[in-house]
Amino acid sequence: MATVAFIGLGNMGGPMAANLIKAGMTVTVFDLNPTAVAALTEQGALSAKTACGAAAAADVVITMLPAGKHVRSLYLGDDANKGLLDVVSKQALLIDCSTIDADSARLVGAKAAEKGIEFMDAPVSGGTAGAAAGTLTFICGGSDAAYQQAQIVLTVMGGNIFHAGAVGAGQIAKICNNMLLSVLMVGTSESLQLGLDNGLDPKVLSDIMKVSSGGNWTLEKYNPCPDVMENVPSSKDYQGGFMVDLMVKDLGLSQEAAVASNSSTPMGSLARSLYVNHARQGNGRRDFSSIFEQFSKKK
Amino acid sequence: MATVAFIGLGNMGGPMAANLIKAGMTVTVFDLNPTAVAALTEQGALSAKTACGAAAAADVVITMLPAGKHVRSLYLGDDANKGLLDVVSKQALLIDCSTIDADSARLVGAKAAEKGIEFMDAPVSGGTAGAAAGTLTFICGGSDAAYQQAQIVLTVMGGNIFHAGAVGAGQIAKICNNMLLSVLMVGTSESLQLGLDNGLDPKVLSDIMKVSSGGNWTLEKYNPCPDVMENVPSSKDYQGGFMVDLMVKDLGLSQEAAVASNSSTPMGSLARSLYVNHARQGNGRRDFSSIFEQFSKKK
Amino acid sequence: MATVAFIGLGNMGGPMAANLIKAGMTVTVFDLNPTAVAALTEQGALSAKTACGAAAAADVVITMLPAGKHVRSLYLGDDANKGLLDVVSKQALLIDCSTIDADSARLVGAKAAEKGIEFMDAPVSGGTAGAAAGTLTFICGGSDAAYQQAQIVLTVMGGNIFHAGAVGAGQIAKICNNMLLSVLMVGTSESLQLGLDNGLDPKVLSDIMKVSSGGNWTLEKYNPCPDVMENVPSSKDYQGGFMVDLMVKDLGLSQEAAVASNSSTPMGSLARSLYVNHARQGNGRRDFSSIFEQFSKKK
Amino acid sequence: MATVAFIGLGNMGGPMAANLIKAGMTVTVFDLNPTAVAALTEQGALSAKTACGAAAAADVVITMLPAGKHVRSLYLGDDANKGLLDVVSKQALLIDCSTIDADSARLVGAKAAEKGIEFMDAPVSGGTAGAAAGTLTFICGGSDAAYQQAQIVLTVMGGNIFHAGAVGAGQIAKICNNMLLSVLMVGTSESLQLGLDNGLDPKVLSDIMKVSSGGNWTLEKYNPCPDVMENVPSSKDYQGGFMVDLMVKDLGLSQEAAVASNSSTPMGSLARSLYVNHARQGNGRRDFSSIFEQFSKKK
């Protein structure tokens, strides 16, 4: 059975690591926050004093961090500290599950390749609920060999597992998807409100569009108009779900990628601006379907 | 068996009327173009010298015209000419299948109601292929009674038949759907191109997004990136399908509705501007998925 | 000295008519609101029981109404009522100062021309302050002769008087200008906020851009960032000035024109959506430079 | 008289250095391209074998490089090479005239400050013509002392010299201005075309808007509609001026800054997408006012 190091035990990383433990794996964890570490050791994890200490003897190293700079620093080290790449076994598989800029993923991947170590980016979607339930979606970027080898841990933590291409492709595929999702959400919101403003019942209009050429994931699973669907954030005052602040983060990553590759994304960048406005009006911690309120009349 | 008058025998109206004839109905046709009339009389239609002549004795009157002004003029007449409302039987059901502004539909509906006549707007989608095959989608606006009564003819010409609400609701639901469709098409195009610009295979990216939260009708049925799907316009140099000029028309209707109801449609109006630019560059008669070329690199 | 009929005595029309009286002209007024009429007769105006009664004997007829439908109805009449065109002298000059859709202006102009009567559209800008001070800007559409003849009244009510072209051109020029103004205001707001978010002093940044290639009317006269300029709405909690609701109206007219002429206006239509959102959040009666708050951080 | 090192002798840097020589200063130059160096030594410059060699003994060091990575590498060095900060005199003033991301400018500024060296970012506008004529605009970010000290060289190379704030503020002010400029250019283009599509003379419309609330730098100096102004790129098939590719670069920098500071820039990001589309259609090396052609009808 593989030994796993898990570094970064936040809202997502914590339950992901817990699922590996439940599956019987030997998991050594590290986080700067001792409370987060304690929560895992109570469930049977080993702990280490440093990230490098946790990773040194592992077959698989999994990291879950906030941003590209943390990932670069952890894997590459700096003047004062060694990086993971300096201490792990050549046979180890490194999997970064953070959602970060593709350039950082590619940089770490290139440095790992120089040392003959397999690295894969594997950003997730599915939120804290999916992390706890072990039903996350992983979008992977790395070699075929790495992708195959990773199945042993990813299938424990997730449901859908995709192979998007080489290192960095996981990040790109995720931000392409989430940029498109933001466009679906805004476009669906304004279309439903246009119907409402012209006297249509939003349930009837949703039912028509859902099976017509306007059909999309938000109409199917996540209708933004209150009281059209049950058990979605729009029917619970936009609580829960995927926060506006996280959508703003992902749209920022997609815009950075678009600038770097000289790509045109009129809809995606407009969605980003609307979401930033929405966040600045105090909605950052509400579900991202609350963008519907930008279009609906104030009561 | 109902007797039907069919007025407006263009690319859509001609095959629609032909399907009614094939179903054994007595159909009296009218069009300003004698060639279009002759094509139907050869298939067994009766003809009349005027639209009012065709409609006077019919149980059901179906009209298929280019724009709101034609519909208003035909139904309401003017100083010189009687309108359909002046000549039809009080028991007749009037169905306008044109895609026009909702205000015109509501105006004709109100005038019909004053005379105790049932009127329904029932714009279609599905194109000339759907008209010929009898598989059109109808989105209806009118009373429940009118909607029930209309089934006898609509089921002959179409597959999906929706009841969106009162008179005018058919037009509104159609333009909401088509506005959303344009947003899906542009958003999907720019997302795929962003992936391509960053080294992803568009088939792989499409497969991932199709089953993820970016999933939408264009990824499912009508991928805009060449050679991702077979038998769609993008794989046939954007020939066939739904013309850019028709999307521009529908987006114009959606903007007129948005202005009239004081609604905000940032994505829909941006899509309209991008489609107008695209049409002005000479792409008006190509399929609307050719908007993808606005984002792809010039060879 | 010319005799003038003035129809429509609202916030703008009232002070405009008053200036004509002060200049010694014989002015006969009409409005549906008797209080508005009384305010003018106290200043020396004559009054009439109907609009047609006021206009019948006038050398110059000036109208100031809310929307195209009012203008069409007043000038053209309907089944029950005569229109101005039915009663005025062939030598009269008709000047409509309303801000309306160009199609309505062109329709009235064409009907007037059929009867050999000169009609001119002359929408104004400058607000109620300009109306009171007699410093309005008029943008005229009509023949050279009409434009010359109109100087006698326009110079009394206004400062800048432009001749944009034939009938309807006044309306088009005004909505082109106001659409561009909305773009300047939004673009300047987001640029200033981007600077602020990056630590710049908005006064310093405004001073730099004002004399650089970013220079525009809003930086010169109407800075949207609070406390950069004195005596502008942004430094008075966005009170006074040009209301958001009026900008929304003008942007609606520009979008109707763009749809009718199949024109692409990505910036103008985006500005319209942002202003509609802003109005729906309760800002309709604040100055239009308050759009700056869509970009600034919530306190 | 100050001794100057000038590093980076491209289309802009070459003529800038030449003007310093003409003013009698002792200028030591460096560029990777020996032809560029030769062009300056013929005019009286000294040359050095390395950038550090040129800078070591200079009172003022001026750099003009393509992007942030070049600036970081030159000033900070790397594992193999020393950077300018390692070799220059503590009394030297370092001025980077490149247009780069503000983060790179701030990083270099912070590292210089650690060593007690004055660093200033001073991006320019005015193009190659302004560089040759010595009429460039400089927008400076740095201490008051640095700004005062820099006058001796900046006044030789430029006309307008602005002090935007601390290190990095020059870059921010420049991208704010250029983002706003792009919005003015697109907004003016679509407004003029909307007028044209409705029968107005673009000269007449430009004259009206120029002195009205739509007034802006592009109407004043750089009208994008052909044949409205003489001696501007739009009247010379959009040759010369400021290239689309350079505007795309600056809009990329503004979007990176907006993402970093979590700012909303709906107009600026839309302008970027439209300019990227325009560049991809083969217009990258034409003047940026050629965006007008995106809105005008195909002949």
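Labels for the chains are A, B, C and D, by order of writing; each one numbers its residues from 1.
In this text, a contact is a pair of C-beta atoms (placed from the backbone, for glycine too) under 8 Å apart; a residue touches a chain by one contact, two chains touch by 3 or more.
Treat the numbers as computed from the prediction; the structure is a model and nothing was measured.
The chains touching chain A as well as chain B are C, D.
In this assembly, the chain whose C-alpha centre lies farthest from chain D is B. Counting C-beta pairs in contact across A-D and across C-D gives the higher total for C-D. Chain C has its Cα centroid 51 Å from the Cα centroid of chain A. Rounded to a whole number, the gap between the C-alpha centres of chain A and chain D is 38 angstrom. The distance from the centre of chain C to the centre of chain D, with each centre set as the mean of the Cα atoms, comes to 40 Å.
Shown for chain B are the residues in touch with two or more other chains, namely 258, 262-266, 270, 274, 277, 280, 294-295.
The touching residues of chain D, when paired with chain A in their complex, are 248, 252, 255-256, 258-259, 262-266, 269-270, 272-274, 276-277, 279-280. Within the complex formed with chain C, the chain A residues making contact are 266, 270, 277, 280-282, 294-298. Of all residues in chain B, those touching chain A in their complex are 102, 125, 137, 139, 160, 162-166, 168-169, 172-173, 175-181, 183-184, 186-188, 190-195, 197-201, 204-205, 207-209, 211-217, 220-222, 254, 257-258, 261-268, 270-271, 274, 294-295.
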